[in-house]
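Common to both upcoming complexes is chain A, partnered first by chain B, then by chain C.
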Partner chain A sequence: MKAYITRRLLSIIPTLLIVGSIVFFVMRMASGDPATAMLGASATAESIARLREQLGLDRPLAVQYVDFLLNALRGDFGRSYATGRPVAEQIFAAFPDTLELVFWGMLVGTLIGVPTGIIAAVRPNSIFDYASRVVALLGLSMPPFYLGILLLLLFAVNLGWFPVISTPQPGFFGRLHAVFLPALSLGLVQASFIMRSVRSSLLEVLQEDYIRTAHAKGVPPARVHYWHALRNALIPVITVFGLYLGTLLAGTVLTETVFNRPGMGRLLVGAIQQRDYPVIQGGLMIYAALIVVVNTAVDILYGLVDPTIRYD
Partner chain B sequence: MLTSKLRAVRGAAALLAAALLLAGLSVIGDNVAMAQTRHVLRVGSGVADVGTLDPHFATNFGEYPIVKAIFNGLVDLPAGTVDIERIEPDLAESWTISEDGRTLTFYLRRGVQWHHGYGEFTAEDVVFSFERVADPAVGSPWRSEVANIKEVRAVDRYTVEIELYEPDPFALLRLVGYHSGFIVSKKAVTELGDEHRFHPIGTGPFAFAEYNPRRSVVLTAHDAYYKGAPKLAGIEFRFMPDTATRELALRTREVDTADGDSEQIWVDRMRSQGVIVELVGPGNGYFIQYNLIKPPFDNLKVRQALSYAVNRDEIVQYLGTSIARALRSPVPAGYFGHTTEGIETYEYNPQRARELLAEAGYPNGFEFEVYISEATSYLPFAQLLQEQWRRIGVTMRLNVIDHASYHARIREDVNGVIFYNATRLPIADVYLSQFYHSDAIVGKPTAITNFSHLGDVVDNIDALIEQARSELNPDRQKELYAEAQRRIMAAAAAMPYAQRYSAVARQPYVDLGYDLVAPNQFDNLFEHYIYNEKTSINR
Partner chain C sequence: MAVGTQRSTANDTGTRPTNTLSAVWNSRWMRRFRRDRMAVGGIIFVVLLILVAVFAPWLAPYDPAEQHIIYRLRGPSEMFRLGTDEFGRDVLSRLIYGSRASLVVGLASVFLAGILGTVIGGVSGYLGGRVDQIISSVTNILMSFPSLLLGLMVVVALGPGTTNVVIAVALSLLPNFIRLARGPVLALREKEFVQACRAIGVSEARIILRHIIPNILGPISVMSTLWIATAIRTEASLSFLGLGVQPPTPSWGNMIRSGVNNILSNPWLAVFSGLAITVTVLAFNVIGDGLRDALDPKQRP
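What follows is the complex of A and B.
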């Protein structure tokens, strides 16, 4: 087990270098130039060329790439072209806000998605089942920014319970107050995914022979559903959590924009528009690391939920 | 019995009167307290972040109103106007211009203090500032704006002489607090180095306090400001790139003013909710340039045909009639030197367009492809023209790319038709020099934004632009500018079609501290509200 975890965590390094390299080349293949973006339309070609020189963009691509790799191996992502500040500093300032949003979004998604999925599966074809499936379909089809604006209109503008600008405030409750609406907006969409996974997985397990046996030998239905069935139904759901982290992180981009939260999503969108290569590379590598870590955690959780899985 | 009742009533009345008096007094007290309270103004800025607060590098449109509140120039335009006839003293109290128009002498205001204890503003700072912008090693994007300055000399601590290569009737306008005209502190820039980018030291009504990446910039009142202590305690510029969020935050009063959306529907909706929406001029000019070296656009008749097929009224209708007006000249209306007199404006005439196409050898039209930015200030216009040209048989395929890529691609000379929109210093010279002078042709080291190749290929208008630039007689100068505009349109190098205002919004309790030129509309160079020492919140 320990060897497995170590192996998985060590695999982060090549993964990151591959992700970094892909981002490095894709960004440079996309036209658009950081110097032009920074200096604006009135700048002459000469000033743009001078800035490219200062940023080291006039060097051969291979030299820039080797430079990037060596620095990345040392954990140095360089300095942002746009602000001149170290990329690591910018990422570490933005990352906690995004992580906070992702955590609460996932929690909201789980708290709504898992129970709804269970009830829908236990009472298939009931009114509750149909209603929850329709709502889930709505949640899946609705872009998070649209849901965000609807939530803002209701809770911030009409009821005045929450601020429109969800900038984190000091203190636990201050942060919670600010993150509530963004997390709800992100979590509701997530809940739709989770509800559907739980429902279909549980429905499948409930058809298994051992469930019929449990019912036949007189085990109370609640114990059959929540002890025997749910435990087995959750295994595929846990995989889904790992997979959905990517969509969740992508969802933060729009959620952060609509709720005006300063996080990684906004940092990356701004960097892409500005062609701020070091920030894009650093940010996406951090995302890749997060996804690898979470998926490793998911694999470990497997073993805890399902004793038949062994790591060698 | 009756007496005691009366007494009770009297007692109650006295109590009530006392309570009312107290309440009244407390209301008055509150009012006094309110009058004395200095509020922090919260601004919903339409950008996601700023890249610098150094005025000699600020190019992002969200950076302008911030640097304008922090810095001053030697001279300024009256707040709320771009009336170039009424340039006011700012850091310079007065000035003289030599007879040959080549030397400007500025007498500086004494006792002006830099923010955060950086001492007194002097002639040294002025010399340093202009030399800094002009220094190629510094790399300011505004360097071309000081190209006509030969030397800046400090005559004494409070006198500065600026010597020009050529006389320039707009020399003063080019020195207003805008782009290259902002004066920075020699001591602060030297001591802070790179830090100055996010720790600017100015002389303006508000001093820099903090920068929170992607969140806000906070300024505090500079009480030693030479025009008097600001009425506001400070300004917080909050970065809110999403229009819907800015709108909602303005409605819940989480921000007091905000950058708007230049769309008629937005303006009408906000006004119906009691928010004041103003339109800022002279406005963004929208035009296309034809690439004169790319077939079939190298054929004058093809260009003329396409221009005749553009229906300006339709475009203005799309934008909204209070937001936009038709543009008929290469220089936008409201800019010094703009004219439509004697100019071929290519009024909508699809019949003539079809005839010209046939004469050019394309009786059935033709197809071509252009790259176009996905930005809302580009793509919809390309789609409108796509539809208008389809009606005369010309098919324009749109290859939609992101905004940064678009700007890179058009500088690589790939498009036959280039869509562009721009706001510049409102004198014909800037537009003409940047878009139509041959030095500005893309691909050259001196390139700016001449995508048509006009100047190298067809009818050289360089001499006209240069002559006009140093012509001191305003009437003669206007004639030269008019001739330049006539030639650009005669060569069909460009097709200007619309001019669009920027919408800005505020709650009625925000008093800007200056008068607007017209109801619901005013002019400034920044396309945002400008906040000064007189700006206040009256709640």
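What follows is the complex of A and C.
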């Protein structure tokens, strides 16, 4: 087991290396020249050539590639073509806002999703089960940004309880006020996914023979449900949690756009529109790194909680 | 042969089917599925939607590109049932034409990803060893990108447009299919019936084709339906960010984008286009759920 964990942790390094390569080459495949994009259509060939030289775009691709990887290793993603500021600086400035949104979104999702999933599974076909399933189905059928738009229309445009542009204000409550609607819209969609997987997983476990045995030998129902069953039911949920966190991260890109909230997603989308390669590369690398780490943690956790999985 | 297939293609007691179609129609799971009203409703909706997409020119009250400049950003009225957008184009007509983009991207990308992913994942899980290691780690890397970001990256590389969105969405779903096929195959490989096959000398290819694949088709068809829903959502998300289907071609995603940009003057635009996406995705989700319940009665509440 220890060897497995070590191996899993070490595998993060080549993974990130490959991710970096994919990101680099995909970005370079992108049609369009950043120098031209920066200077606009009216620029002369001479000024474009000069800018290309300044940005190091005239060097051989292989040199640029090795350079990119070595620098990325040091956390240096170059300077933004658009602003001239270091990419790392821009990312670190945007990162806390996104992390805040992810945290609250995941919290809302888990706090709503897990208990509703459990109650629905323990009382299958009850009104609660039926209602929560319908709501969850609706939640995961909405495009992640649509719920945001509806919340925005209701609470910001019509009721005026929240700002239409949710720029975080100083202070804990100022931040909370700004993150509330975005986190709610992300979290509710997330809750739908979590509720469904908790419910179906628990429902499956509850039909196992050992549960019937537990009931038969007189174990109190609550203990059967929450001790015997839930522990096994949460195993598959753990694996999907990693996926959900990824979806949530991607969801922030849309949510930040809907709510005009600063963050990594806005930075990334803006960079894509401006063909600001260093920012796109840096942003994607950070997203990927986060998710690789989460997936590795989930894999290790999975091995710890389910001894029947074999790793060789 | 008799060693294998856990789930038989199930015709019921006695009645001998005259052909495969009626065998499927009368099979136990199909009868269960037909009883599921939500799922049947979903099927009816999808069929209607396909008809709407095909017969769009006859159904749309206006040309979707026709601009009625004096009537910009109006709410629903007698003249324009669902209002107009920022160029004074009829929202209903654009929604009708927009169904084409969603359906094409949803169906084509899942078809592409499903075939590729099942083959790659199945082979990888069954063979194990070095092949599996390489394929899994590449899958893990692809999985490390949320499907939206992966789609975003591909679209950035290839440029926007419907074909590229199909490729982008297919690639973003591919790792899911690989993982889906690989997991159960990995488990099935250790099952007694597969070991029995191997013991009596059945070839690897035959084990995969005759004994493993039929056992994973259930989950794959269920998930394919559910992932059509995901694909439609991803297309909408990409178009919403301005990187998907490009205007003036109407797509629900780019309509919702212009709806958000004009949310203060005509909120209906965003509401209606989002509703179209939601109902369509809901229909596919309901069908997928119905299929799962019908194919796997153990999970039924």
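To be clear about the criterion, the second predicted complex is superposed on the first by the 285 of 312 C-alpha atoms of A that agree within 3 Å, B and C clash if a C-alpha of one lies under 4 Å from a C-alpha of the other, contacts with A are read in each partner's own complex, and residues count from 1 in each chain.
Here is the rule we use: a residue touches a chain if its C-beta (ideal position, glycine included) is under 8 Å from a C-beta of that chain, and two chains touch if they have at least 3 such contacts.
From a predicted model like this one, the values you see are computed outputs, not experimental measurements.
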Combined model on chain A where chain B meets chain C, clash or fit: clash
Partner chain(s) touched by A:39 [first = chain B, second = chain C, both, neither]: first
Which of chain B and chain C A:161 touches, first, second, both or neither: neither
Touching partner for A:152 - first (chain B), second (chain C), both, neither: both
Contacts of A:92 with chain B and chain C, given as first, second, both or neither: neither
Partner chain(s) touched by A:140 [first = chain B, second = chain C, both, neither]: second
Touching partner for A:210 - first (chain B), second (chain C), both, neither: neither
Touching partner for A:258 - first (chain B), second (chain C), both, neither: both
Partner chain(s) touched by A:227 [first = chain B, second = chain C, both, neither]: neither
First, second, both or neither for A:273, with chain B first and chain C second: both
Contact residues of chain A, present in both the chain B and the chain C interface: 30-31, 145, 149, 152-153, 157, 257-258, 269, 272-273
Complex interface listing, chain A residues touching chain B: 30-33, 36-47, 49-51, 54, 82-85, 90, 93-94, 145, 149, 152-153, 156-157, 160, 163-165, 167, 257-260, 262-263, 266-267, 269-270, 272-275
Parts of chain B lying in touch with chain A, wherever the complex brings them together: 48-49, 51-52, 59-60, 136, 139-144, 194, 197-198, 212-216, 238-242, 244-245, 248-249, 251-252, 254-255, 401-405, 407-409, 411-412, 422, 424, 434, 442-449
Chain C residues within the chain A interface of the complex: 137-138, 140-141, 143-149, 152-154, 156-159, 229, 233, 236-237, 240-243, 253, 256, 259-260, 263-264, 267, 270-271, 274, 277-279, 281-282, 285-286, 289, 298-299, 301
Chain A residues touching chain C - in the complex, by the definition given at the top: 11, 14-15, 18-19, 22-23, 26-27, 29-31, 124-125, 129, 137-138, 140-146, 149-150, 152-153, 157, 200, 203-204, 207, 243, 246-247, 249-251, 253-254, 257-258, 268-269, 272-273, 280, 284, 287-288, 291-292, 295
